[in-house]
Structures are given as C-alpha cells and as structure tokens.
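Below are structures written as structure tokens.
Below, chain A partners chain B and then partners chain C, in two separate complexes.
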Partner chain A sequence: MLTRLLLGVLTLLAILVASFFLQRIAPGGPFDLERDMPEAARQALIREWGLDRPVPEQLGLYLKGLCRFPPDLKRSMVQPDYTVWEIVGPRLQVSASLGFAALCIALVLGIPLGVLAAVHDGKMADRVTMLVALTGVAVPAFVLGPLLKWIFALELGWLPESRWVGPANMVLPAFTLAALPLATAARLVRSEMGTILRGDVVRTARSQGLSERRVVFVHALPGALVPVIPWLGPATASLVTGSVVVERIFDIPGLGTTFIDGAFNRDYTLVMGTVIVYSILLILMNLLTDGLLVLLDPRARSARS
Partner chain B sequence: MRRAGRTVGSVIVALVLGSCGFTGDLSRFGDDVLVMSNLAEPGSLDPALQSGVEEQRITLALFEGLLSYDPKTLRPRPGLAERWDVSRDGKTWTFHLRPSTWSDGRSLTSADFVYAWRRVLDPPGTHREGSADYAVASPYADLMDVIVGARKYRRGEVDDFAAVGLATPDSQTLEVHLEQATPWFADLVCFPTFMPVPRHVVEYERERWTHAGVMISNGPFVLDERRPGAFLRVRKNPRYWDAETVRLESLVYLSTDRVDTALDQYLAGESDWVRGFNPLKARAWRADPELGRALHAPDYLGTYFLRFNVRRPPLDDVRVRQALTLAVDREAITRNLTAMGEKPATGIMPPCLVTDPPWRSLRGRGLDHDPHRARALLAAAGFPAGKGFPLLTYSFNSDVKNRAIAEAIQAMWKDVLGIRVELLNREKRVHLARERAGDYDISRGSWIGDFNDPVTFLDFMRSGAGNNRTGWSSRRFDELLDAARTESDSAQRIALLQAAEEILMVDEAPLLPIFHFTTAYVLRPGRFAGIFENARDLHPPKFIRRLP
Partner chain C sequence: MSGAVSLPIRKSWTLRVSFAFLLLVGGLALATPYLDLADPDAQNLELGPTAPSTEHWFGTDPLGRDLLSRTLYGARISLLVGLVGTAVAVGIGVLYGMLAGWWGGRADLLMMRVVDLLYGLPYMFFVIVLMVWFGRSMINLFIGLGAVSWLTMARIVRGQVLSLRGRDYVLAARATGLPTRVILRKHILPNIAAPVLVYATLTVPRVMLEEAFLSFLGLGVQPPAASWGSLISEGAVLFREYPWLVLVPGAILSVTLLALNFFGDGLRDRMAAEDHPA
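And then the complex of A and B:
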C-alpha cells in the first residue's frame, strides 16, 4: 500500500511538470488582449508573475510554493481578485456533489437493471434493459442534456432549466451525467451475473432448495459486483470529464468550466490549480478501488502477495 | 425513537445538501430586482483593472466618476462633480465636487481622485516616492495620456508625480491640466479607469478589497454577494448622494457564458435581460411577436475589419490591398451572414458616432464593392486574373460568425480576382499573440470606440501604435492627427480627421472594413423603464426602474 501511495505522489508530480510545460508551449499568454495594454503595464505584469524567467525556474518556484502549508496555489492571473483556491474550492464542492449524485444514480439503477437482464436472459426484459443501456452508452451528454432540459424544464416545466440554486437543479444534470456509467454498470453486472447463474455456486444453492430470490441476491449478486469495483476508478474519470460538458449545458459553477475557461484564457495558475485537484481526485479514487478490491476478493489478495 | 431517527435523518440530509454549494435563491430583495445574464465571468472589479464590458456594466452600478453617462444619449452629465469649468484654451478643467461619501460613510474628496488616477499610472514594481502601496497594472492607463506629463510618468521617463497635471486646490476641487484641448475629456472621466477608489480600503485589504463584505464603493449600488462562475449581486447604496433617484433594490449579474443557455434562462423566466444573442436564432425569434419585441439590436460604436500585413509582399503594394478591398461585397455579408442589422462598412467610422458637424461617410466615395476596378488594380499590380498571386493566409479566431465571413470573402476573392487564400482558424489568445508579433498575412480584427470621438478610431493606426499591428505607417496620416489635436475649431478639426480617414481607408487601405457592429440583446418587454438603446450599449443602472 505504501508503494502505491508513493507511486501516486510520483504520478502527481509527473502530471504537474507535464502540464506546466505544455501550457507554456501553447502560443499566446494571459496578457494578450484584443486592445493592447500599454507596454509599461504589460512588462510590469510579466515581471510581477516571473514570466520573464526561464520556464524551469518558474516551475521550481511554483513547486516550492506548493510545498508550503497550506500549499500556495497563487492568485488567478486573469481574475486577480481571487486566489486560485478561492475559485477552485467552492467549485470543487459543486462538481463533487454532482459527480457523487450521478455515481449514486448509476449504481442504484444500474446494478438492479443488470440483475434484471441477467435473470431474464434473452427475454423481453433483458432486451429492453440492454437497449436502454446501449442508448446510455451511445447518446453523448451534449445530446442527452439539452433533450432532458427541453422536455422536463422548458416543455413540462417540472424542473429548473439551469444554474445551481437548490436540490431541484441537481436532477437533470445528475441524470445526464449518470447515463454513461449507469449503462456500463448494468452491462458489467449482467455479464458477470450471467456467468455466475450458470455456474456451480448457483447450481449448488438451487439444489439445496433455496428460493430463486435468495439464490440471486445472496449467492450470486456479491460475486457479480466484483467487476464493478475496479471499474469505479475509470468511472470517476469519466464523471470528471463528463462533468466538463454537463456543467456547460446546465450552467453549473463547477470545476469543469473553470478548467476550460482557464485554458482558453491562458490563466496558468488557475489551470495548474485545477489540474492538481483533478489529479489528486483520480489518484485517490484509484487507490480506494484497489483497496476495496483487496477487501472483497480474496483472489486479488493472494495474487498480490 | 422513531422521532429521533427522523431528526438524525433530516440533519444528515441538511448536511449533504448544505455541502453541495448551492447558490440559493438570488432574489431575496423582493420585487425591485433585475436579473441579467452578463454572458461572462467578470474579471476584476477594481476600476483600475478593467478592460471588458462585463466589468464595466458592474462598475457603472458600484462606482461613480466625476461625470456620468446620460442613459439616453450617453452625453456626460454631472456625477460626483456637480459642475465643471473648462478654460478658454480647453486645456484646464476644473471639477467642483459635491459633498458625498463612500459607502462606509467616509467623506470622498478630490484627493481620492488623485490617488486613484496615480494608481492607474503607476505600474507595480516601480516603487516611486509616494506610489500606491498596492499597485496594479492598468490595461487602459494610456487613456490618461491626454493629461500633462501622464504619458512620461506612466512609462517611467519621469519619476516625480508633481510633473503630472493634477492639482487639488481644496478637498472639493480637482484641477486637471491637459496637453491639448481635448473635447472628449468629459466622456473619458465617465470611464471606469477614471473612477475614484477608497484608499483606506485598497491599501489595507489589497487584493481582497473587491471581495463582498470588504468592498467599499461610492456608486448607486454596493457589492452584496459574489460567487465566481455563478453570479454577482449588488444592492442599493443608502449613502449614495442621489439615492432618491435609485429605484431598484438589487441587481443580479449571472455569469452564464453560453449565450444559448442564457436565452433558455430568459425563456424559463430566470432572467429578464440577456446581454447578447445568437444570430442563428434571429429568424425564429423575429417570427414570434412576443420574442420579437424582446429582441433589440441597436448600432454599436465598433467596426469589424481585416488587417493586411503590409510588411509582406504582395500586400506591401497598395493596389493589391485596394483590389482585395474592392472585391468584397460587404452588403452581401451583412444581408446574409451577420443578419442583425449591421451596416456594411467602407470607412472605419461607425455611422452611430455623433460629431459636430456630422461625419461624412466614405460610402459612395471610398473603396465600395467594385469587381471591375478590383480586377484592373490587381492586373496593374502584376497579377492579371490572379495569375502568379501567392497563396496567402487569412487568420481568424475560432467563432461561427468569423468562419462564415472568412469563407464568404475567400469565395469572393476567388470569383472576382481568381486568387486563393487559405483560412487559418486559431484560438483567440493565439490569434492575438500572432497578430501582435506580425506573424500573419491577413487577420481578422475589430475596434470598439473607447469614447465618442473620431480620434478613438484613428489613433490606434498611428505609426508604430501597439494596436496598429499591420506594419503600415504614414507620416501624412500622423501629421493630420497631430494637427487635429491642436485645432480648436470644431469644423476644421473634423475636416482634418476626415482627411485622415480617407488616407487610411481609401488611399492606403491597410485595413479592409467589413461592417459596423450592432449589439443584440434580449430584454423582457414592458417590465423595466430607464433602459434605452444607445451606441455603446451602456445602461447606467441608476436610472432603471421596475414597472408595476
């Protein structure tokens, strides 16, 4: 576990260095405006931000700031009223709650759907469920989002159309974001469940005269969930990238929009801050799923030791 | 037992929801609220740091300068200065301040203006005697160049602030000495860069001084709450000197940056005013009586044009530039592509610019659409029917409208002149950086007037000016602008400036004008009064009131 943690820190460092240099390769800078600012002011800003120094030196200074406690993420270059943390913090809260809600929807609906399909293998219920799942995979968020918005907000008026005023605002974006992981979860469970239902464990259980419900939920389901666990890592990644699109569609003040705007504005410090938050999130999620897997599946434990 | 469970349950629900970062209901100030989609996250609220219209809209609520805009005509009217005198030579302006206070009750004096203006002129890192403790790099500092000594001080050529033409004979009087008579100075002092800032807060709180709960201002409204990426809300300032006139209790600026989302918010009744529009939806909106009434598109003080990089052959040949200009059917572009009432352009000066005497447009006497002449000029330059003409690039910043226009012009040049250009689509900051570096052949650009005077549309093309970016220079053009600066007779001055425009847009043609902008916005009909269509899309919130 300690090695994995160390590896995580190294990964983070590699991501930081790569993003720092990649940003500087892109032409244009934070102070290129439609109407030129006076040269004296421009030079003063470049000096103030240390942009006149060699890039490796800038990186060194930046990393040094990060080692402080609390880590110094600097001010935003384009929105100088705020430190990067003052911008990223509240937005992380928003994105995290949206992502968490979507993940809950995906698991709470996706797993039962997968079970349903597996139990009715080849029958109508299976076909309908898998059609729904396939649609979830095939229809991208930028189509599903506006569609849901049009039906439930603009036509029916049941739910708010956009923004992040209260819990009702969460429904449409969370479902839009959940579509893909929901479909994936359902398919994962269905295929694993199908194998298990045909296997020895279930045959033994059935031969003992247990009810079908007991067989499915007590004997088969835990095994069927095993492939879902390692998938949680990539699922989180897809929620993170998906939220970039969904936040735009529903005008949600989350991290995704900050990241995109920051990149377009060449707001170097803001982009770095967002990258750090995203990376830590993904690395932690992967560590967590690894740990969970070891706990649930004895085979993983022996394979690793 | 069950009750305890329910309590625990509701506490958990409250905790979970409380940590979701919801913004909550924005209209907690009753009915007299205006919710506006501002279409972009504002940058800094510090008046010295402003460069975008999104911030200016907010600054007009939070601050007031010496003078302020009339909501209908935008002509300067008394603001913090209850009256002002201009010396006979037009070079000395004396502003007499009315008694007024900051929103924390401190009185506001002429020294506050001197501090604010000095802060604009003093870039960070200079640390000169008496400089502001918290210095910023003001992107519009050059607007102050009309003041005696300001340019030299700003560029660090002079270190003594006493050389700058500002004086405060007493706490209620500000005397400004200008390099030359500057008729548009009254207009300038309405601009955010010239607004006062509260020294006692700025120096103490530094970067945090624009935060809600900290910020002190002097305008009709004060900052109430700000959530980056979501919204900004201001509320009425009871200490504003003319608080009686202010009718709105509060204004909310939503930072919705996708215009389509903003329009949906309007349709869903979540906002009443969208400061932009998607021209692709114009036909559908105009077909609907209710929506059609909400859609406005007044002329705007700005021009869309192309820059020719005259350092690169064959664009160094004026005949080539003129031929490229004459070949473009600008009326077809405004009729079919932009479609929001934009006017096709022959000159740089937008028709909504008000001058005395009125500006004589170049239409009909400039480089209007004329395929025949275009071909003749290109042939004279050595490229009959486009033969031997090198492949040039046409760069624009990524945008649906820019692309459509670029494709149309590419086709026109091919049809009329038989030449090919390659379209280069670039991200905005890349586009600007390349343009500044002179790394382009033909490049899309635009200019928005900083104030209502022809000078703003000509000065930027002076030899070597930062916004020129074409490599073009003309001594005659510069001389005409210089002569106009010292000319006190209005008719003479306008004549000089018109001659300069003719050199720029007819004789030399380093710019190819396409159209003059309009600003489209959507405003819920019959709900507010005090919002008027005008040439700079400025609507001082002080005069807006909600209709019953």
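And then the complex of A and C:
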C-alpha cells in the first residue's frame, strides 16, 4: 500500500511537471489577450509573476508554494482578485456531486442490469438489457443530453432545463453523465457473471440444493463484481471528461468549464490548480479501488504480497 | 472510452449488417464530391432553417445550408479523422507494445506500469490543451487523438509479442544473428497483424467519438469545414427551436459508431473462435 501511495505522489509530480512545461513552451501568454494594455504594464505583470525567469526556477517556486500548509495555489493570473482556490473550490463541489450522483446511478442500475442479462442469457431480457447498454455506449453525451432535455424538460416539462439551483436540476445532467459508465458496468457484470454461472462455485452451490436466488446473489455476485472495481479508476477519469460536455449542455458551473476557460485565457495558475485537483481526485480513486479489490478478491491479496 | 468489453454477439449477421452499413457510409463519403448535392457552404439566409422536406431531406440550418450535403461532407471529415487518428495510435501502440514485449523483464514491467497510469488519467484534457495552446489545426487533431488512443493497442501487442518471442522460428532467427529490428519486422509483425487490425477497427469509433467531443467544444474541426461533431455542436445551441439539427447528425454518428463497434467485436469473436475452436 505504501509503495502505491508513493507511486501516486510520483504520478502527481510527473503530471505537474509535464503540464507546467507544456504551458510554458506553448506560444502566447496570459497577458496577450488584453489588447489595450501598454507594453510597459505588460512587462511589469510578466516580471511580477516571474514569467521572465527560467522555467525550472518558476516550477521550483510553484512547487515550494504547494508544499506549504495549506498549499498555496496562488492567485488567478487573469482574475487576480481571486485566489485559484476561491474559484476552484465551489466548482469542485458542484462537479463532485454531479460525478458522484452519476457514478451511483451507473452502479445502482448497471449492476442489476448486468445480472439480469447474465441470468437470462440469450433470452429476451438479455437482449433488451444489452440493447439499453449498447445505446449507452453508442449515443454520445452531447447527443443524449440535448435529447433528454428535449423530452423531459421541453416536451414533458417534468424537470428543469438547465442551470444548477436545486436537486431537480441534477437529474438530467446526472443521467446523461451516467449513461456511458452504466452501460460499461452492465456489460462488465454480464460477462463475468456469465462465466461464474457456468463455473464450479455455482455448480457446487446448486448441488447443495440452494435456491437459485441465493446462488445468484450470495455465491455468484461477489465474484462478478471483481472486474467492476479496477474499472472504477478509469471510469472516474471518463466521468471527469464527460462532465465537460454535460456542464456545457446544462449550463452548470463546474470544474470542467473552469479548466477550459482557464486554458483559453492562458490563466496558468488556474489551469495548474484544476489539474492538481483532478489528479489528486483520480489518484485517490485509484488507491481506493486497489484497496477495495484486496478486500473483495482473495486472489489479489496473495498476488500483491 | 475506457475498457474493451465484448458485446453479446452470437450470430454473424450483426457482422454482415454492420459491414454493409459501413460500406454504405464509406462509399457515400467517397462519392460525395461527385453526387449532385447542394454546396454544403452555400448560405440561403432567406430560406433559413427548415424542417426535413422532399427538397431538403435532412432540412436546412439557420443559414439555410442543406443539412444532407453538410452531413455527407461531414462524414468525410469524421471518417478521415477517425482513420488517421487510428493510424497514429496504431503506430505508437505497436512500436511501444512490441518493444515492451520483446525486451520483457524490468523494462516491460516499467513500460506497462506507465500504460496503467495513463489509463487512469483524463487524457482528453491533454488534447484540449494541445488544441487550445498549439492551434486548432487538423495535424494537431490527428497527433493529439492518436497520442491518447494507443494504450489498449500497446497492451494487446505486448501480450502477443510476449507469447511469440519464445517460439522456435523466432529463436532460430535470433540464433542466425539477425538484428532485432529485422526480427521484429519480418517475423513478429506479420504474426501480430490480425489482432492489430481487429483492434484498429475498434479504435476507429473511439477516435471518432473523441473528435466529435472536441468539435462539440469548438476545439476540433474548424469552420467552414464541419464534421458530425461540429454539426451537432452547431445544432445544440438551437436545439429548442430546431431539434433536427442535432437529431439527424447525432443519429448518424451514433449508428456509425455502433456499426464500427459491432464490426470490430464481430471480427474479434471470429478470431477468438478460430484460435480456440469449440
């Protein structure tokens, strides 16, 4: 576990260094967009932010700030009235609740769908379930989002169309975001469950005269969940990516929009702040899934020790 | 975008239907300039947005441009990006995977660890940054999408090479003192070509989806050129008034992605069946 943690910190550092150098070698800078700014003022700003110093030195200073407690993410270069954390913090809250809701929907609906399909292997229920799952994979969020909005907000008027003011506003974006992970979870569970249902564990359980329900849920299901757990890491990554689109469709003030706006404005400190928050989130998620896997799958324990 | 999970395909009719559909789309895309279509960029502001009709099968957009023509020209760009991006991804993935599998041991462990790590990152952010900071050109689009889509390919190739490198004919080639480069090219590459092609087929829809994602954000294909993704993006703003502007290209993109996935999965299942006859 300790090596994993160390690896996580190393990954974070690598991402930091890479993004830092990437933005510094890119043409253009944060103060190019304001055309009216006199050249002298621009130079003064560049000096103030230390952008005229060698890049490794800038990186060193930035990392030094991060090592403080609480970590210093600096001020936004383009909106200097705010610190990066003041911009990122509230938006992280929005994105995290949206992402968490979507992940919950995906697991709560996706896993039973996969089980249903595997139990009714090849029959109607299997076909219908997998058709639903396939739609989730094939219809991208930027098509599904407007479609859901059209049906449930504009035609039926059941749910608010966009923005982020109450729980009802969360429903459509969360389902849009959940479609892809839901489909993937269902397919993962279906394929693993199918293998397990034909395997020794289930044959033994059945031979003991246990009820089919007990066989499926007590003996087969834990095993079928094993591939779902390592998938949670990449799934979080894809939720993060997907939320960029969903935020735009539903007009949500989330972290993805912050990142893109920051990138467009060359707001280096804001981009770095967003990257750091995302990376920590993903590394934590990967550590968590590793831990869960060890708890749930005895095979992983011996393989890792 | 992550995790390759096999679709439930049993009968090969899905393979045939999807192949036929892809032939149709590909053929139309190739033939588009020779078809008697409206100019995709010709504006007709007096006409404005119209719903699908006999005159304009897919309707027109707010500038009065014919959506059928724009969708077909869009197919050319979407497919081109999908294919070139995949080619870049295959190039990187095959090279990386071959070297990892060939070297084995610590180098392999390290290289695959890097792949594992990259899997967990939202790599589209890298492409977003690339497009914003280094210019929204087609070249950057190809490189960016290719550079983030090679991971699964590398894993597959590495696994194949790992199992091939101990074969007698490879050992024999090594014993004769052939340079590694030649062994990899002449003896390993031809033997991994089939799985590489199959997974390349599955990479195409992923790259196309990623292109559409970028274009939706305004970071992909730039106007006046339009891909399916940018058509959807243009339409999404006006979805309330003119839903067909999203629904038509959206449906076509979805069905094409579905067909590509079915086709790739069908090929994979067939290959697996040949490897292990039941």
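To be clear about the criterion, the second predicted complex is superposed on the first by the 303 of 305 C-alpha atoms of A that agree within 3 Å, B and C clash if a C-alpha of one lies under 4 Å from a C-alpha of the other, contacts with A are read in each partner's own complex, and residues count from 1 in each chain.
The rule is short, and it goes like this: contacts are C-beta pairs under 8 Å (C-beta built on N, C-alpha and C of every residue); 3 or more make two chains touch, one makes a residue touch a chain.
Owing to the predicted nature of the structure, the values given are computational and were not obtained by experimental measurement.
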Partner chain in contact with A:Ala26 - chain B first, chain C second, else both or neither: both
Which of chain B and chain C A:Pro38 touches, first, second, both or neither: first
First, second, both or neither for A:Thr184, with chain B first and chain C second: second
Touched partner set for A:Thr257, first chain B, second chain C, both or neither: first
Partner chain in contact with A:Gly209 - chain B first, chain C second, else both or neither: neither
Partner chain in contact with A:Pro140 - chain B first, chain C second, else both or neither: second
Contacts of A:Gly233 with chain B and chain C, given as first, second, both or neither: second
Partner chain(s) touched by A:Pro54 [first = chain B, second = chain C, both, neither]: neither
First (chain B), second (chain C), both or neither touched by A:Lys149: both
Those residues of chain A which chain B touches in one complex and chain C touches in the other: 26-28, 149, 154, 248-249, 264, 266
Footprint of chain A on chain B - complex, ascending: 16-17, 19-26, 41, 43-46, 49, 51, 123-126, 136-142, 154-156, 207-208, 210-211, 227-230, 254-258, 261-262, 264-265, 267-268, 270, 427-434, 436, 446-448, 466-467
Touch list for chain A against partner chain C, complex: 11, 15, 19, 22-23, 26-28, 117, 122, 126, 130, 134, 137-140, 142-143, 146-147, 149-150, 154, 180, 184, 187-188, 190-191, 231, 233-238, 240-241, 244-245, 248-249, 259-260, 263-264, 266, 271, 275, 278-279, 282-283, 285-286
Chain B contact footprint on chain A (complex, rising order): 26-30, 32-45, 47-48, 75, 78-82, 86-87, 90-91, 93-94, 97-98, 149, 153-154, 160-167, 169-170, 248-251, 253-254, 257-258, 261, 264-266
Contact set on chain C toward chain A in their complex: 1-3, 5-8, 10, 117, 119-125, 128-129, 132-134, 209, 212-213, 216-217, 229, 232-233, 235-236, 239-240, 243, 246-247, 250-251, 253-255, 257-258, 261
